[in-house]
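Read from first to last, the chains carry the letters A, B and C; within each, the first residue is number 1.
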Amino acid sequence: MSEFKQTFNSSLGKKLIMALTGLFLCTFLIVHLGGNLLLFVDDQGFAFNSYANFLTHFPPIEVIAYILYISIIVHAVYALVLTLKNRKARPVGYAVQSGSKASWSSKNMGLLGSILLLFIVIHMSDFWYAYKYQHVIGFKEYRTDLATNQTTVSDYTPASAEFERSISTENNVEIVRVKDIHSRVQASFSQPIYVAFYVIAMIAVAFHLLHGFQSAFQTMGWVHQKYTPIVRFIGTWFFGVIIPLGFALMPILYYIHSLSK
Amino acid sequence: MSGNMNLTLKVWRQKDAQAAGKFVTYKADSISPDMSFLEMLDVVNESLTKKNEEPIYFDHDCREGICGSCSLYINGHPHGPKQAITTCQLHMRTFHNGQTITIEPWRSAAFPVIKDLGTDRSAFDRIQQAGGFISVNTGGAQDANATLIPKVVADEAFNSATCIGCGACVAACKNASAMLFVSAKITQLGLLPQGQPERYSRVQAMVAQMDEEGFGNCTNTGACEAECPKEIKLTNIARMNNDYFSAKLFRENHVHDGGGE
Amino acid sequence: MGLDAKIPQGPLAEKWSKHKFNLKLVNPANKRKYDVIIVGTGLAGASAAASLAELGYNVKAFCFQDSPRRAHSIAAQGGINAAKNYQNDGDSVYRLFYDTIKGGDYRARESNVHRLAEVSVNIIDQCVAQGVPFAREYGGLLDNRSFGGSQVSRTFYARGQTGQQLLLGAYSALNRQINLGKVKMYTRTEMLDVVTIDGHAKGIVTRNLITGAIETHAGHAVLLATGGYGNVFYLSTNAIGSNVTAAWRAHKRGAFFANPCYTQIHPTCIPVTGDHQSKLTLMSESLRNDGRVWAPKTVEIAKQLQTKQITAAQVKEEDRDYFLERKYPSFGNLVPRDVASRNAKEMSDEGRGVGTTGLAVYLDFAEAIQRMGEDTVRAKYGNLFDMYYQITDENPYKQPMRIYPAVHYTMGGLWVDYNLSTNVPGLYAMGECNFSDHGANRLGASALMQGLSDGYFVIPYTLGDYLATIGPKPVDKNHPAFEKTKQEVIAYNNKLLSLKGNKTVVEYHRELGHIMWEYCGMARTEEGLTKAKAMIKELKADFWKNAILTGGNDEVNAALERAGRVADFIELGELMVTDALNRRESCGGHFRLESQTEEGEALRNDEEYAYVAAWEFKGENVEEELHKEELVFENVKLTQRSYK
């Protein structure tokens, strides 16, 4: 065991932890974006709300969620530890700013990461925490006529405070009652400041991943003449552009939509 | 000579390791563009000596870019603004008349200033002593052509072997990390068949010593690669990482002696 | 004191193996009772330190640089010779021996040179085992190229950085022993004197270049591997720090200095541009494999080139004189260095030199680029071309390089016998700092070979014999000789520090360099040398009166370091001139205008001068005494060297 401790206390070991947690968070982003695309389904939040309920109630996902939370904390704590150590490695700075060629994002991962941490805290307290631990979110009842496949929506007030979700079928009508996180999303994304904050955070994600994704492969030593270009391509276009753009489109489109109401 | 220049130098002066340092401004007049940067400093030093003032101390020796003695952080760049050369190969034609040039020593906790622009880089030696060798005694070698080495492997090993140990990578890195230096030797010996027996013990020993010396961590910015006078590639660091994790996580470092530790 | 070279008896090819058998051995358990001091950590010093530590001796190694890796061996570009005959082109130990003796113009010891050729093959094996990345062919075998003075391809190389790679190999072996605690390394520590007790070298006095502390170190033997003295010329291809101080101070303690006038002027260096210049940069001899040396046929065309009215490319083929190819058809551009240098100087003297100063000839790659393509040329010589471009701001792919001879190597040095021992028992000299193997001219790619041969394969045997003889009794560190020598060093340094005149040490050095280059350079005359001797004496007196030094002893003081070195160079300069005056013949790098053939080649006088001139120090400002070691040639016939 002590050998593992020694390994992860070494400079390279700490970097490996950054890389592994970072890559795990990258894969989470894919899943998260996939789920959130349900926001674009025009069903008054039915799919999205069901998805949110599924995420918070399916046990294996619960487990993964906790690994995720730990990853975020470990990633942030190790970043801090490494940053402090790196500062100590140069106690006296240069009078002239470095003119060395290095990408902006690679030199500002700490700043970008701090923005993201702030974002994650706000984002999670507004949605995840509110959803799971507070009773501030209302419920919706979706009635779907199974014959015509027509769905009607209405607010629903549960009888018990413990109520989470119910599915029943009456007269060939499926009734789904579920927590209505969708309305909260709608409400949040109609505030310009909130939207701006989200967009800024997604820009930070873009720059963080632009460096971070391929950097993780470099840290793990997975560098290869044939495959590294592919990694770089994915890091740049998928994680640096498509994912953050996908996320950013949600607040933007919801905001635009809110204007037309 | 036509086209001679007058320059202003802001030079870091520091009596010894203990003393506090400060910038002192000097005029360097009638500097020929054909002079090397160090020859320009020679001229300044000659005039200081004649005024019975202490000349500026800087490390230098071969003055042809191979010994690795010269250093100097010039206007935000180790070895000055031109790529792939050392300070002694930097010629004054790179600068223009009237320019102000700020000259600082390498800044790193592991490279304490000994005087003015000279630093103590013995940390590099100690890292090499920890494992930067192949354990063969004189006299026991087989015929040099007994082991065939593919040209591409020999060439790649050579590229890593060209490191001159000047420390520009540390100076350029925002974290004062020595990983490019350390990884170059690990890569050179790790690529060659002769280096295989000690490949995994070597990387562990050298990384441990590197950590002990107080260098910072690599954050894969690539500033080291950009400033390296010998253009040592970042892929060396990936190779080191790979060997290190391989050694630490997947390889057995001790023989099975039956009785445990 | 007689000069016994201790050359073993018997046939040439068996001398070394017989000698190895006859040398006394130190029992493995006793080896750790011996302390060995090694000064200098270049190829010879680092390889000796590692090899002796591997055997079990306690080694203390010293270098003035901040790391052993920075020794000037690192700058050697072209390659290292070895009689491997991997190319199947007729090479053999005997041929390497013969080429070296002939290249040295028959002024080297047969026995030493043959040993060098014998162990050359082991050096390559050893270096490859250490991980030195020599150039290879596609099949994975080692590649070779050819060098001046030979008609076979026996030079192993690592692009244009062979010295670097070999030194880093030796440095890694040294590091391993430091790690094992068998070598104690002292960096930024300069040796300033040798301590002798009852005529035996027993220690050294050093100055810590950071704190200024003057310290003594005791050992059973002192090995000097402190390099050459080319910097006596101020401008040379040597590093700025390269100096003669260790060897010279040893000389003043009784070690003879041999053949000081044998200096090698390397033909392919980047020409001087101005007074500010602090050093000259070599362009590897390997360039002469593919580059063609030429000068314009007429003074008129040269004038136009010098004033930049025309470019080199505009000179028509029939107006070019490929003078080496013309004069030496069989060796062509690959004649030995002394011959190539002298011919370049001749061109300039005739007014056919190029460049603004007229002190240069062309080294042209146009034909090679046409033949092999620019990419191949780049792969072979890229780093050299880049270096040239950096310094001159001229692109050698587009226009021919300008080259001119520059001081590069010194064949002379401390006199040593076959065991590499100076005449002071216990004091050894290895590598460039001894005089042993190159005669009056060194062939290209032989310096690396000699340094490593001495360090890896000769001294580990020969030193043991001496140590076994004196026994493992510890050296008495409290012997008054240590304190006495230390006080003398302190007094000497204080004398230097008290100089508060008006001329800097660098100015004295430059002045000395001018004198040496002018009168004791590529061409020497009785008259010039006599004049130079007087000038140097005058310069020395002036130095001790009017030099200016700043700072004190107890700090980093580059001025003090330089002053000590320049003071020694001045004294050495005088001895070089004395030696050059004494040798009224031309041989190798020593060219006396009075002694040349009708064709202008060096004319030896074997009757009178087939000896090693070993000089004994007799006191400050006293003429040194000449001792002669007659050179006996039993295997090769002394002939007029011909490369035609």
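Heads up, the rule we're going with is that a contact is a pair of C-beta atoms (placed from the backbone, for glycine too) under 8 Å apart; a residue touches a chain by one contact, two chains touch by 3 or more.
Heads up on the chains, UniProt names are A = Succinate dehydrogenase; B = Fumarate reductase; C = succinate dehydrogenase.
This structure is a prediction, so every number in the text was calculated from the model and none was measured.
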item: Chain occupying the most central position, where position means C-alpha average; value: B
item: Farthest-lying chain, centroid of Cα atoms versus that of subunit B; value: A
item: Interchain centroid distance [CA atoms averaged], subunit B/subunit C, Å; value: 27
item: Where subunit A and subunit B are represented by their mean Cα positions, the distance between them in whole Å; value: 41
item: Distance between chain centroids, defined by C-alpha means - subunit A, subunit C (Å); value: 67
item: Where subunit A touches two or more other chains, by residue; value: none
item: Shared-contact residues (touching 2 or more other chains) in subunit C; value: none
item: Subunit C residues touching subunit B - in the complex, by the definition given at the top; value: 47, 50-51, 54, 65-70, 72, 74-75, 84, 86, 122, 124-142, 158-159, 161, 163-165, 168, 171-173, 175-176, 178-179, 185, 187, 210, 237, 239-241, 273-274, 276-279, 281-282, 386-387, 390-391, 393, 456-457, 460, 500, 502, 504, 506-507, 548, 550-551, 555-556, 558-559
item: Of subunit B, residues touching subunit C in the complex; value: 1, 15-16, 32, 34-36, 38-39, 42-43, 46, 48-50, 52-55, 57, 59-69, 84-85, 89, 91, 93, 114-115, 118, 120-122, 124-125, 128-145, 147-151, 154-155, 157-158, 161-162, 164-165, 188-189, 192, 194-195
item: Subunit A residues touching subunit B - in the complex, by the definition given at the top; value: 3, 7, 10-16, 82, 85-86, 88-103, 106-107, 109, 211, 215, 218-223
item: Sites on subunit B touched by subunit A in the complex; value: 10, 12, 23, 73, 75-78, 81, 102, 104, 107-110, 172, 174-177, 179, 207-208, 210-211, 214-223, 226-227, 234-235, 237-246, 248-249, 253
